[in-house]
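Order as written gives the chain letters A, B, C and D; numbering starts at 1 within each chain.
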Amino acid sequence: MSVAPDSAPEPLLAKSKTARATIAAMEEILGKQIPVLDGQGFLRVVDYMGDDGAIVQAARVSYGQGTKHTSQDRGLIRYLLRHRHTTPFEMCEIKLHLKMPIFVARQWLRHRTANVNEYSARYSLVPDEIFKAGIQDLAVQSAVNNQGRGETLPAHEATQLTGEMQQAAENAYALYLRLLNENNQRPDQQGVARELARTVLPLATFTEFYWKCDLHNYLHFVSLRADPHAQKEIRVYAETMVEILDKWVPLTAEAWRDYVREALTLSGEERTVLRRLLNGEKVAKSETALSAREWRALGKALGYDPESETYPTA
Amino acid sequence: MSVAPDSAPEPLLAKSKTARATIAAMEEILGKQIPVLDGQGFLRVVDYMGDDGAIVQAARVSYGQGTKHTSQDRGLIRYLLRHRHTTPFEMCEIKLHLKMPIFVARQWLRHRTANVNEYSARYSLVPDEIFKAGIQDLAVQSAVNNQGRGETLPAHEATQLTGEMQQAAENAYALYLRLLNENNQRPDQQGVARELARTVLPLATFTEFYWKCDLHNYLHFVSLRADPHAQKEIRVYAETMVEILDKWVPLTAEAWRDYVREALTLSGEERTVLRRLLNGEKVAKSETALSAREWRALGKALGYDPESETYPTA
Amino acid sequence: MSVAPDSAPEPLLAKSKTARATIAAMEEILGKQIPVLDGQGFLRVVDYMGDDGAIVQAARVSYGQGTKHTSQDRGLIRYLLRHRHTTPFEMCEIKLHLKMPIFVARQWLRHRTANVNEYSARYSLVPDEIFKAGIQDLAVQSAVNNQGRGETLPAHEATQLTGEMQQAAENAYALYLRLLNENNQRPDQQGVARELARTVLPLATFTEFYWKCDLHNYLHFVSLRADPHAQKEIRVYAETMVEILDKWVPLTAEAWRDYVREALTLSGEERTVLRRLLNGEKVAKSETALSAREWRALGKALGYDPESETYPTA
Amino acid sequence: MSVAPDSAPEPLLAKSKTARATIAAMEEILGKQIPVLDGQGFLRVVDYMGDDGAIVQAARVSYGQGTKHTSQDRGLIRYLLRHRHTTPFEMCEIKLHLKMPIFVARQWLRHRTANVNEYSARYSLVPDEIFKAGIQDLAVQSAVNNQGRGETLPAHEATQLTGEMQQAAENAYALYLRLLNENNQRPDQQGVARELARTVLPLATFTEFYWKCDLHNYLHFVSLRADPHAQKEIRVYAETMVEILDKWVPLTAEAWRDYVREALTLSGEERTVLRRLLNGEKVAKSETALSAREWRALGKALGYDPESETYPTA
């Protein structure tokens, strides 16, 4: 995560004194654009409320206890996260300013528990900014993941195709301006209303929005979107959000890694298989009720060859 | 609202007997596509729960009263809606299947209190369906509404421009197929993953989703989206939803028209002006704290010439 | 609103420097208990995010405009609130620490759009704090409002009854301790689990919680709970929240008073009546479709004698 | 789950024909009170929308596929639940009518994603119904669970204490009536307003409400509240809801048992321990970063003696 040298579009507020919980690492990045997607998009922390201490403070109201030594905070936060006591994590809040392609924003805004103010293409002219995929982004449809990508295309094919995509983007934006009759391209004619002209723009067009969210839902968001199954173009934003998490609430970030990101959930049937394996037994797939997909996933998680019909594999 | 003759894409379930509240007018349209946007899109009621009686039933739990005569239901529903006792209206639920352009879906899905399952263009091929604006849709930017449309363009200009829009849509879809390498257009080459190829499609591309919502939020949705300030392409869906409201919960629909759709809200300052007008006084704009926009809106609402500096206007 | 002299139960954090929006009037009250219900309960601002400027900032992202002169902020905020453009108000957040009787908390927590951490009586001992109604609180059931209070009881009756209520509270708390076997009251016996013992405590028992909410929902809350129809014991908290609103977001507070608190909403039928009155006509109740209740409310709002069968009343 | 013989307080609607998904097992219990807490409380299914097929139907819109063989539905539902694809489960809805003590309702209504209409004690007289704990309910505070119960008290102590609790409940209700001046107990005096009189009633007083919820949130609710850590008095309702789940959406119920109820989640550190155990190694607690509590929980889950300092235990 590097901050763009001259990225602040709005003058930073003069520093004020506050009795609110203040985090030095967050103050450092506040208001600065963090480039994403090779600098075509960005993420910017606009405001934040609360730190690890705010989670502990809220939890201790529940438990009817006053403030304790900071040394106990880590244990409490880990306990809360592990046992899905989620409400104390809702006591922290963050506000981001984001710029991303519309096809990413469409996935983003399916998360319903955030507050959003987006740029309106009914009200304002859409700038000439359309996502340019890099040649390393052009990959084939994944053979194992119906939603994802597999190997990248050969460079010469990718170069050809990204060129065509870029030309198409330019054509679309030119038609957009022509419909609006910007620069009086169609002399003596009138422009079409923005709300209709925008419909010719591609899904790769950039948009911007403010997005405000509590920490519990922020964790849920990054758990889903920093996952390898998420589309790469949203994952890079989510990974940046994980880096911000480390600055904002480091104890929570650590607990989230241990208990969510690196966690493994086993079904009832898988637990039965595990018990047998721990007993030193050999287990054949045909003896279990696991589907082929589940059998492979279990083997992978436990460190076996997932193509084997029997676990453990030597 | 006319129902397409052969519109049911899924065989209707055989009729079953139920003790649930059942509404004849809803059963008639259940599962049938109602064409919107000249049949390019549709709306289809997939399921519903509760009727006007369910609202009354819930309200009477609050009031600790048993069932009463149906004749009193109308009065109770009107009372609840007028006084914004919204929770009984949450006791009814509806599920729609919708097909609409992505630029409309983007507005639609900003409403966060509904349940949604949308077609995934990561998982499946996007069909060749892109919204074709009619020549009557091509209107200039409104001079009074920064978000809306004014007069339509002359027919020959509109014909020319819709032709260009349609050609651009065809080009975009052709590039989409080329990227996917459908029909082996790029012989001996591989297709690009769907999640990336789709980014060249325009915002006018159609999408589909299931959308489930309670009646209170349904009313809120149509109040905002069947409003003249809403974009025409979403308004036509919202107007269809008003027609469904009449079938689903006729007493609520009537109360909503009286107390929401046709209601007028006056600010504190406007109430002061109104008192003076009712006293038979003449009121000059300069005597009030109303902004120019507010003054005009008040005059229009009360039946005066909004351009006059003094009310009443003769 | 007076702040208790020595009310801070937690040491205030040392002042830090921040680039976040900071409000002097909020910093002054931060962390300090504001007594409510004669000091039996309290409200305390624990944290806040954003000011009037944050609303403007978010709205201007939607409109695609940069920062403007502060002098235009007031007009924009008024426009947003008047036209129910609610999302920019969601960009501010506040966190309160509250102590109130359970019967008030039950109403409070029906608002679902806030984050909450409440004291757990399963986990901790409930303190000996039960709401004592003052003799001025003992009023008869209202004759006109099925939910509310009318005139206060004669002082000697009220004194007698508040004495009985207090005695009952003491008895209940004594039984609670006895069940828990606090102080070994039941020698050689064991205490009952807290989660069961608490069930004998009255609804007037105090509880505490942290409550975090965005400004849009805060406004909605005070609109409902600072209303004369709300129960007095929640209204006093809501009125304190209105005073905090003035400190937090003064421009929004002013707009809320004009466009919500002092606003009047007229139904379609009432607008018809109003048009006739403005035309100088006399209107008889029997000529309208208004219910008796609606007729009276309209008369009251317009400054007529609500008992008259004809408006205007001389 | 047995249905009370003559429990329907409202006449069942005459059977109607519907094209909506209809479930025979649900129709059988529709409208009938299911007694809970020894018949002191109840749960009643008032309405439902959707079945297992509705989940599949919504998921297949996402995947762009039409209807398939029912035999594939089970696999799809299991896949969705396992991978936390939660939105299709939101496509089913249920409405319950519940009667429970207020201390249970307080826990219940912390779930924010449901629709609720509760009996209003401001508007109506509270009936003389206060939860009577059975002698088997009187248990000591748990030594291991700060929130829960341990062993039951000796019968003679429990009998004594339940007697005192019941007497206290009678006294509280008598004071409530006296405050209201029901039956003119305080001759020539007036009753106190209901909203204030109710404050003397204990938390064990019964309340009633309608509660409507989608299936995803219903599953979340029962996962938390049918858990052994939940208070017994809410757990008995949640267990009844599990039985209803089996009738409503049997494929989902089965998948929920396998992938949620009987699932085990291992943290990153626990996975490391597991890998070593599967390798046939002995692992000492001191070699790991697990807390004492985590070590015991892991041992228990894997079938070892949780008090041992080394796993596996012979």
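Please note the rule applied: a residue touches a chain if its C-beta (ideal position, glycine included) is under 8 Å from a C-beta of that chain, and two chains touch if they have at least 3 such contacts.
All figures in this text were calculated on a predicted structure; none of them were measured in a lab.
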(Q) On a CA-centroid basis, which chain has its centre farthest from subunit A's? (A) C
Q) If you tally the C-beta contacts, which comes out ahead, A-D or B-D? A) B-D
Q: Determine the centre-to-centre distance between subunit A and subunit D, using the mean Cα coordinates as centres, and give it in whole Å.
A: 33
Q: Find the geometric centre of each of subunit B and subunit D from their Cα atoms only, then give the gap between the two centres in Å, rounded to an integer.
A: 37
Q) In subunit C, which residues are in touch with two or more of the other chains? A) 63, 116, 118, 120, 123, 146
Q) Which residues, counting only subunit B, touch subunit C once they are in their complex? A) 63, 75, 78-79, 82, 146, 257-259, 261-269, 271, 274-275, 277-278, 280, 291, 293-294, 301-303, 312
Q | In the complex with subunit B, residue positions of subunit A that touch it | A | 101-103, 106, 109-110, 112-113, 116, 118, 120, 122-123, 131, 133, 137-142, 146-150, 153, 157, 161, 164-165, 168-169, 171-172, 175, 178-179, 186, 189-196, 198-205, 231
Q: Can you check the complex and tell me which residues of subunit B touch subunit D?
A: 9-10, 12-13, 15-22, 27, 30-31, 46-50, 54, 57-59, 61-67, 87-88, 90-91, 93, 95, 97, 115-120, 123-125, 208-210, 212, 214
